[in-house]
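Structures are listed in the sections that come next.
The two complexes that follow have chain A in common; it is paired with chain B in the first and with chain C in the second.
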Partner chain A sequence: MIDCKGFRMVHIKPIWLLMVFLGVLATMPARAELVIEITQGSREAIPVAIVPFANRTGNALPEDIAKIVSDDLQRTGQFNPLDQRRMLSLPSSSTEVFFRDWRMLGQRYLLIGSIDPAGPGRYQVRAELYDVNTSERILGEVVAGSEKSLRDLAHLISDLVYEALTGVKGVFSTKIAYVTLHRGANGASRYQLEVADADGRNANVILTSDQPIMSPSWSPDARQLAYVSFEGKRPAIYIQEIASGRRTKLTNFRGLNSAPTWSPDGRSLAMALSKDGNAEIYIMDIQTKKLERITNHWAIDTEPAWSPDGRTLVFTSDRGGGPQIYKVDLAGSRKETRLTFEGNYNSRPRFSPDGKKLYFVHQRAGAFRMASMDLQSGELSILSDTSLDESPSVAPNGSMLIYGTSKGGQGVLAVIAVETGAKFLLPSRQGEVREPAWSPFLK
Partner chain B sequence: MSKFKLDPSYRKPIVYAVLVHLGFIGLLTFSWPFTSERPAAMPRHVNAVMVTEDMLKEMMAQQEPRPDPAELQRQRDEERRRQEQARKEEQARKEEQARKEEQRRQEQERLRIAEQKKREEQKRREEEKKKEQARKLAEQKKLEEQKRQEEQRKREEQRKQEERRKQEEQRKLEEARKKEQERKAREERERKLAEEARLAEERLAQEAAEAERRLREAYEQEQAARRNQQLEASEQARYVGLIQSAIERRWIEPPNVAPGTQATLRIRLLPTGELVSVELVRSSGNAAFDRSALSAASAVNRYPVPQGSLFERFRVFELHFNPKG
Partner chain C sequence: MKLIDLRKVFALSFALAFVAGCSTAPTDTTGVENGGYDAETSVGAETSGLSAEELERRRLEQEQRAREGEDAALREVRVFYFDFDSNIVKPEAHLPLQAHAAYLQANPNVRVVLNGYGDERGTKEYNLALGERRAKAVERFLVVSGASASQIEVVSYGEEFPADPGHNEEAWAKNRRVELVYQ
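Now for the complex of A and B:
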């Protein structure tokens, strides 16, 4: 009877038992703390209010720091600075900030600051970055400099803000080098090698020649430039210290001496020389001037570029019938491998700082455009919509690409924000501008 | 054909047979009157009429036609001779008669003897017959007796059989009765057992029903709770979705974030949905990413939260920033 009972007990109720059990089970996970997954955010430009910095110097200042910072950030395409005219207040210290106002304006971050005198001819710039939503102060920096360095201070503030909000080091304080060509009234050409701020301002001529100057390349410490100069009627590769202007001629071989690029360790230059017949890639030890031949091909091999780890060189070669990009592994077998297969013209390669992408000139439908290729997938993307693009150079944080292009028959410099696709032209000046080279981070 | 062809070896037997048959036929033919006479019942006393020769002659002469004279002579001669003859014959006849008388007497005697014999025989036969009859009777009696005995025996047997049958029947009956009793007892037992079982079952069923009812109630409560929970869950899911979209709209994903970068915030809310605090529980290791998440979480002026008890689920919760791609 007991067995029977047990049997019956088990037989009738499992459904209910199970249900109750399941019910209990079902309720269990609900007891854990609620976790809400956020899997995607917007990629919109970050709304940031950059309030004009309070000038407490008593002088009219040559630079509007807030404007410089605002422009810097805006050009990245990642920020959407608030128009100053829409601001309800212009606070310069935390006590003056009403976050609610900024929130109402839909702002995410707020940058305020002031410029104070710091001794004769010197200024102290204080900047504070707030999170409008949390009301937290993210940054509080004080930088000081001369009146002349106000732009630099502004770029520095831009860098700090950029890094605070994107996690990526800003490149607003970096430089660009480029070559300009001025044609005089008498028909004489004047070539200039210039170095300017990354925004194209504050240009300094470091070399002038009536003969072409080509292929400037920054040393990793951003203190020297290597370039090709035809000043001796024959191309020669020089290294020039920017600060002092001191130059060194590295090569002056018969034939081609071109496209020097600095190795990441700063000890060598890769270059293209035709001293042995046709253009081949060589590496020169800067200290010893010793040359090492890398390629040996009947075709033209030129425009070498180093991978960020210094183990690979990429270069342009027409060994396949047209210019295509190849790589050679410096550490191992020295095997040369073709990298580009799309289109019949790919040249002047440059690595992204993370070594994952290659930027180069790609011809498509008769137009020469900036392109990037994912080295892992081989996927090629066209970045520019201009048509005579040349000489890509990547900002050291990888966020921007500068290149030469043509506008109204004039050579100009253009920048593409790689992440956002934002494009802008650097302020045009007289004459042609070409062959930009983005500097490394300044030490 | 050859069927009727006589086998030579049969010839002799056939001849014998024919002869035998003929003999028998002859015997039968001649013996018949004799034998038929015997069974004829002879009268004990015979009234014999003496017929003389003369009488016979006269009878004959009366019948005979008249002869001619020569003939008559001759007839006279004849008559004389015949008279002579007749005398002689008379004598002979008398003698004969005497002999015959004797013979008849003898015959009578013989007949009488025979009769006697016959009677004796008859008597004997009768006796014999009687005996026979007696024997037969006896026999019959014996047979009858036997038969009777047999019958008796049979009857006895039958009786016994009947007896046995009856006994058997009785036994069977008894058995059946016993069986019936047993059956009844068993049935009774079974009935009792069944009853017990039924009762037990009923009790069990009741218990089961009770247990089931309790369980069902529990289940229904559970269900109700679960429905409530489900309702709450769907309500919760709704608010989770609202919060999600509120955050995602406000979260500006920093660029260049390494894949797998994740951060977790703990959010504390007032029942009004107002933010009490945002706390970074797990940092992504990327300050900008953390900041973007904190900013997004803080950017929501008033969190969409349910009213009432369900709010409790939202009083404190986590936001897990886990961008895909």
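Now for the complex of A and C:
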């Protein structure tokens, strides 16, 4: 980052641009577009005016920066962007701002900016955030990149604004991985593993198969995905480098090869295998491929997830009759303790990034819903109002939970902003979309 | 416990299979009760004048052939259904599975894959394990009935490839299944 006339200069890492570029070349026709449908807003949202950015490039631009930032902030449920048609003026620099107008409109914050040329094929986007009540500037940023990276630049501005206003790092520049399924008229299936921006745009196909692809899990550096693929009609666990497509088959044992999840230190994968009889939890060292068996029970043990400190695994087991969530302390006694007692179906746990909560699937009155449990108090809350929910995955700042559910008989992704209760859906324009995995922060 | 139960069931089912084997209409369950009499009378009508031993030999041969035909018909049943969150092999699956087991026992080079499936409710990875448990229950039944474990492979697909794409109780019942596939 370079300091430039009081603005911070932020450049998009070329590796991501390269990745996006390669992905687009390889997979243009088949990628699934995800579209956002907001299903529930939030009442306590902070009013913020995001003024259309002045375009000083002389070219028509493919992206509307202010619209992208506005959509990003609105989805959190924490902000309520002002409708552009209600704005009395459209300032793009501090001298054009009349704070009284924005106070009159009841706005707390004001974001203005412009897009300027920055050499051949490159643009720089300048953004300034003001506190309407104090008239103080909270933030001044300049970010630069190619025309193709304008969306990325917009998400970067969203991240900076979000962090300036909440103190929490934004997740608008992160990615989601998910699996799509298209059923052809001839009964054939096409499964695709895809990676898209957190808002569902810029989808890139990572793997295509006529056999199931399941359980994507990100490496902590967000450069690789572990997943299960049934190519060859037998399940195997693979890890794949996203940028290069290079991949390694880690396991193809007899029986289940399932539910890989990457350890927080990036060295191991927890997984469920049945090579020794029935579904048990194992940890594999990725370098040496050495396996360590964690559970040993005649019941099903599967769906392992790591605590953020890497010292605990939680998993689903039906040793108590139905599926419930258990934990095992990896550092200490290895004693397995049951965590969920409410209801007869609790499964597929994931930790919040602070390690204080678990998210999982909970059955109540015949419906399978997203639930969270406070690990200190044991208190359980139902978060979703959909009914065939599965595959929870938490954004790296803990603010949002993405999961797979069903709408009109089709698999769709759904997101809940956990603090505000705001909700939105990410359906695919064609086919089903399922098993989302939210990436860690991109380095 | 489970083994003992299965053996009892096996013995009972075998007896039923024997009776059913005499029937000329294997899919018609109402024929089971009097099927035996039909077979005997028809044998008697064709072969008057032969010795009692010869008559008995031919009668057993005919029964054997009938049973083989019956077994072939039973082996056409290759999908076995399960209750929600259950891996109990249902009684109606016993006769077909015994026919498959007998065939596997008689043909040691034949291999089968048992594909386990679940319905869409609940989580994918747990359902994958549940699908495997169902397929393994069928595997145990086949082994107890005479097949060799080395002839059988279990692959679970969990919620994938639903037999019925619907989202109701009727569809789910069709999707909780194990499919037996000869290789």
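Rule of thumb we're sticking to: the second predicted complex is superposed on the first by the 399 of 443 C-alpha atoms of A that agree within 3 Å, B and C clash if a C-alpha of one lies under 4 Å from a C-alpha of the other, contacts with A are read in each partner's own complex, and residues count from 1 in each chain.
Quick note on the criterion: a contact is a pair of C-beta atoms (placed from the backbone, for glycine too) under 8 Å apart; a residue touches a chain by one contact, two chains touch by 3 or more.
Keep in mind the model is a prediction, meaning the values are calculated, not measured.
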| item | value |
| --- | --- |
| Touching partner for A:Ala331 - first (chain B), second (chain C), both, neither | neither |
| Touching partner for A:Gln78 - first (chain B), second (chain C), both, neither | first |
| Chain B versus chain C as contact partner of A:Asp131, first or second or both or neither | first |
| Partner chain(s) touched by A:Glu163 [first = chain B, second = chain C, both, neither] | first |
| Touching partner for A:Ser274 - first (chain B), second (chain C), both, neither | second |
| Which superposed partner A:Glu419 touches (first chain B, second chain C, both, neither) | first |
| Of all residues in chain C, those that touch chain A in their complex | 85, 120-126, 128-130, 132-133, 136, 153-158, 160-161, 165-167 |
| In the complex, chain A residues that touch chain B | 1, 4-5, 8-9, 12-13, 16-17, 19-20, 23-24, 26-27, 30, 33-46, 78, 103, 108-109, 131-134, 136, 138, 163-168, 398-399, 419-420 |
| Parts of chain B lying in touch with chain A, wherever the complex brings them together | 200, 204, 207-208, 211-212, 215-216, 218-219, 222-223, 225-226, 229, 233, 236, 240, 243-244, 247-257, 264, 278, 286-289, 291-299, 301, 313-314, 316-324 |
| Chain A - residues contacting chain C, complex | 183, 189, 212, 214-215, 230, 233-235, 254-256, 258-259, 272, 274, 278-279, 300, 302-303, 316, 318, 322-323, 345, 347-348, 361, 363, 368, 388, 390-391, 406, 409, 434-435 |
